[in-house]
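Across the two complexes that follow, chain A remains constant while its partner is chain B and subsequently chain C.
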Partner chain A sequence: MTALTKISIWSMIRHVLLIAGAIVMLLPFVWMISTASKPPSEVFSSELHLIPRHFALWENLQMAFAKANLWRFLLNGVIVTVSIFVLQVLVALPAAYALAKLRFIGRNALFALVLFGILIPPQATAIPVFLLLHRLGVLDGYAALVLPFTISVFGIFLMRQFFRNVPDDLIDAARMDGISEFGIVWRVMLPAAIPAVTAFGIFSVVAHWNDYFWPLIVLNSEHLRTPPLAVAHFRNAEAGTNYGALMAAAMVIIAPLLVAFLLAQRRFVEGIALTGIK
Partner chain B sequence: MARIELKGIRKSFDATEVLGGVDLTIENGEFLSLVGPSGCGKSTLLRVIAGLEPQSAGEVTIDGSVVDGIRPSARNLAMVFQSYALYPHLSAFDNMAVPLRMRRLSTIERLPLLGTILPSRRREERTIRADIEKIAAQLEISHLLQRKPAQLSGGQRQRVAVGRAMVRQPVAFLFDEPLSNLDAKLRVHMRAELAELHRSLRSTFIYVTHDQAEAMTMSSRLAVMIAGELVQVGRPAEIYDNPRDARVAEFVGSPKINMMPGRIRDDGRIEVFGHVLRLTSSQPSGNCRIGIRPERIELGGGPFSGAVVHVENMGAEAFVHLGLNGADARLVARVNDVRRLPDIGSHLSFNFAADAVRAFNSAGKRIDVTAEQAERIRERAIV
Partner chain C sequence: MSDNAATIGGLAVPISIPKRAAQRRNPLLLTPYGLVAPALTLMLMMLLGPLAGVIALSFTDYQLGAPSLSWIGLANYHEMFGDRVFWTALRNTLVYVGIVVPGAVSAGLAIALLIQSGTSLRSLYRTIYFLPVMATLIAMAVVWEFMLHPQFGLVNGVLREFGIAGPSWLQDRSTALYALCAIGIWQAAGFNMVLFLAGLVSIPKQLYEAAEIDGASSAWARFRLVTWPLLRPVTTFVVVISGIRSFQVFDTVHVLTKGGPSKSTEVLIHSMYTEGFEFFRSGYGAALTVVFLGFILLLTLIKSRLADRGAQYA
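What follows is the complex of A and B.
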């Protein structure tokens, strides 16, 4: 009986902590949806209420799409994140295969460099990369948004961990069958690694879809803006920020990510579990 | 169909030597088993033959031409792996088609979308399908061709793996412990099937196993490897009956051969447990070891005696374990009549024929012994 009460007390504490955490995580989203549904008069009212008295979500959405070319920004986001992800996979898979399955001198040193690369924040190299892109003359274009992220050390690391679990016999069988080393990467390792590639895809797409820092630095032209810059567009010091439309735009740019995650959720969790990164 | 020659094959990983100079010729159409305890280097030797692992020194020759440095697929050998190594994302049919597609289709024809619309690809695909269906019928897996490996049982996966090896019509088949992952009953069944397959294909088979029973029952020749060396090569019966090394004698045969401490006396006669045998050796006097197979020990009468410590009744036969007085050594004797088994704890006397004795010197090498023929000595005495 005492054991049972102990368990229930412990589980109660646990749940209270978890609920508190969930509230902290979810409140900004709730507030976003709430603000997006309020007319301007309610947004600036001094009293605090979550449920708007006058439901103005549709008006705010219309305003958001009217004030900015949201479709174009969403398309920019898709072009940039998909290009980054495809190029990252093209680089990371062969590199991870070599680090996981080929024997060569200096392999461990190279892998240590990869791990070291994970530790360097992108902001630290921002200025040299910016200058490099300036010299190449590709600033203010898709290339400037994509090129710096084509080599993902995190992707190499994640795929390498996954490839280590692929049995050596399978690779030897492929070699006996006459598949080349690059052929092994695309025909044998990639199909086996779909869960890990999906997991990496979610990480990569979320990170670059939401990236505010880098596009802000390299872009000038309005038509190239990525979704987070589009939201910033609604902040206007002179005419006052239209928070309702801003929050509505934020909802619009988050929606594709939510849909993608829900579709890939199961694979994503599988991939994370298989690579041992929890 | 190939004759494979190995000359002075050495292989070391960093500082550890795995293969220490292996010379072996595998004749055309032969079923040769590489057998030995785990870690003896037999799998490494097979991988050297396949070309998956470069040797540190020595030469591999297939049908008279040296294949060192030639890619595994270009050696035209097929390999069946212990884990079957089927591609998990492909159906059984596609698994078997991979080696054929890699060989018969050009790079352009293999392209995922563009390739499929080329007329030459369609022509090739038709012959590939015909070849696979023929092999599948032979292995009785025609009804499984559309399944993925995960939907197949162990034995079925085994057959698909063998089929994938067969479709390319290799000059030789390499097997790396292919039956180890099967349950005991299926293993015995597959043993017979593989031996039959060898007889019908008349191709060269090189078969790696740590299971001496598999090697004994299937192969035309046995190569026993211990610690990176080929210790003895010969027909199964010859290896069983005439081991040249104590380690070979102990590895081959189940239950294990009985090894007893003995001594070569100054007059050349061999003494065991204080009893002088009618055997002489030309070797210098000193300690030696006497090996006698369990079936050669005759219970009930004789100069030796021991206490029964354990009896294993297998149904058709039984094994009696004897603890010998005044020695740690245990001895196993086979009893053919299971209806008359001794009680545990009872004392038994036993004997063995002089020609059942295999003697080894202290280094484990076989010593030749000659039986004294009592009659002849008596005759000489009369004359």
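What follows is the complex of A and C.
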């Protein structure tokens, strides 16, 4: 009996603490939605209230879309993240297969380079890569946003670990059927590695959708802006005058990933937890 | 393009048919090199080359657009060590790391332990705490800025209810860095929670039962005897990862404070960005990058040393 009460008391404390923490975590989201739904007269009032008296979300969204070409920026985000992911897979999978399943001179050295590459933070190579893209004359374009990230040493590492567990019999059978090594990568290894590729895809898309540093460095043109860059510019132009529209724009920018996350939570958590391995 | 031509590239043409058959029996001659060639090329171009480049550049006076560059030895480093802004940036970065790492690691651990200590609503809590990790930091930084607005913000509004006049958080040099730390902890806690949850799940249940039989009746005793020691490798790992990520702090600084007011939030990567990409002093920016790399290397070394020691005890 006492043990039972002890458990239920603890269970209550657990919920109280977790709910308190959850409120702190959610507060910025709630405040964002609340402000995005308020007309300016309520935004600029020192008196606190979460629920707007006059519901102005639609007006604020309209203003956000009118002041900034948000559709274009969202499209840029999609173009850049999808291109990066597709190219990363095209480059990483063959290399990962060779590292996992083929024997060749220099394999260990190459794998050591991959492991070393994982340790290099993206900011460290920014200046030389920028100079290289400048020399190539591709700055301020999609190529500048995509090219530096086509190589994911982390992706190679991840896929190599996954491929090692694919049975050799499967590969031998494919060789007997006359499939080339290159064909094996796409027709045998890729289908077997779909869970790992999905997790890596989520990791990659989230990282590059949210990336601010690199687009900030290489872009000048307004029409090429990625979502984070768009929010930052919107903020510089409108902060202090138009918080409702600014919060509405922020909502629009984070919505695609948050909706995807809420629909496939387990996969997203796994995908992002991969960064931990890095 | 046929598969074979792609695998062995330009060499496909001169190879005669019997030789190709031989190669198929022993496909381990050139094919692997064809498979790794794109990855290796891009690695050298975009990662290893630039890494060597940044170190080399730091010994030059190169400026973007300049017709030539000359080797100036340690002059960039001399300038840097004599510059007060550099020392301010370094101190601020260390303060940021020193606050965000313990904050985000202990918050992540506490959340994970609380979630794992019961069975109800686990996935709901996990989802809520993970939301800040998913949301674009720049967008949320802008939201935080408005929450911290001295007059119309939520934070000062709540403080006002208690009769406290809150500061202008981001415009006040005595609070700006700490406000950025709070945003950093808010964003990283959920990420650490996921890593700790994975670590907690892997602790065998029997160990807790055994500890209980041995007299560890309180939850604290079980935590001290079982959870904490077994979680140590994960904790080390989370600390180092958080350290590396905090050293990279840039987004919130650039969009909210630009290093101000009066350099009170200037951090290493922001200095590197300003020198390298606003003033286009590539050489000096490279020297700042090398300092940053030094710290990342240090953290990585600490991690591998601790991992070795952990392996000895296990």
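Odds and ends about this structure:
In the analysis below, the second predicted complex is superposed on the first by the 222 of 278 C-alpha atoms of A that agree within 3 Å, B and C clash if a C-alpha of one lies under 4 Å from a C-alpha of the other, contacts with A are read in each partner's own complex, and residues count from 1 in each chain.
The definition used in the following text is that a residue touches a chain if its C-beta (ideal position, glycine included) is under 8 Å from a C-beta of that chain, and two chains touch if they have at least 3 such contacts.
Given the structure is predicted, the values throughout are model-derived calculations rather than measurements.
In the superposition on chain A, A:L170 makes contact with chain B only, not with chain C. Shared-chain residue A:P191: touches chain B; no touch with chain C.
When the shared chain is aligned, chain C comes close enough to touch A:F268, but chain B does not. Between chain B and chain C, the partner in contact with more residues of chain A is C. Look at A:A250: by the touch rule set out above, it reaches chain C but stays clear of chain B. Across the superposed pair, chain B and chain C both touch chain A at residues 175, 178. Within the complex formed with chain C, the chain A residues making contact are 10-11, 14-15, 17-18, 21-22, 24-29, 31-32, 35, 43-48, 90-92, 94-95, 97-99, 102-104, 107, 110, 113-114, 116-117, 119-121, 123-132, 134, 147-148, 150-151, 153, 156, 175, 178, 180-183, 185, 206, 209-210, 212-213, 216-217, 227-229, 231-232, 235, 239, 243, 246-247, 250-251, 253-254, 257-258, 261-262, 265, 268-269, 272-273, 275-276, 278.
On the side of chain B, the complex with chain A involves touching residues 47, 50, 52, 71-74, 77-79, 81-89, 98-99, 102-103, 164. Interface residues of chain C facing chain A in the complex, by the touch rule stated above, are 3-4, 6-7, 24, 27-28, 31-36, 38-40, 42-43, 45-51, 53-54, 57, 64, 107, 111, 114-115, 117-118, 120-121, 123, 125-140, 142-147, 151-152, 154, 157-158, 160-161, 186, 189-191, 194-195, 198, 219, 237-238, 241, 244, 248, 250-251, 254-255, 269, 272-273, 276-277, 282, 285-286, 289, 292-293, 296-297, 300. Listed in rising order, the residues of chain A touching chain B in the complex are 167, 169-170, 172-179, 188, 191-192.
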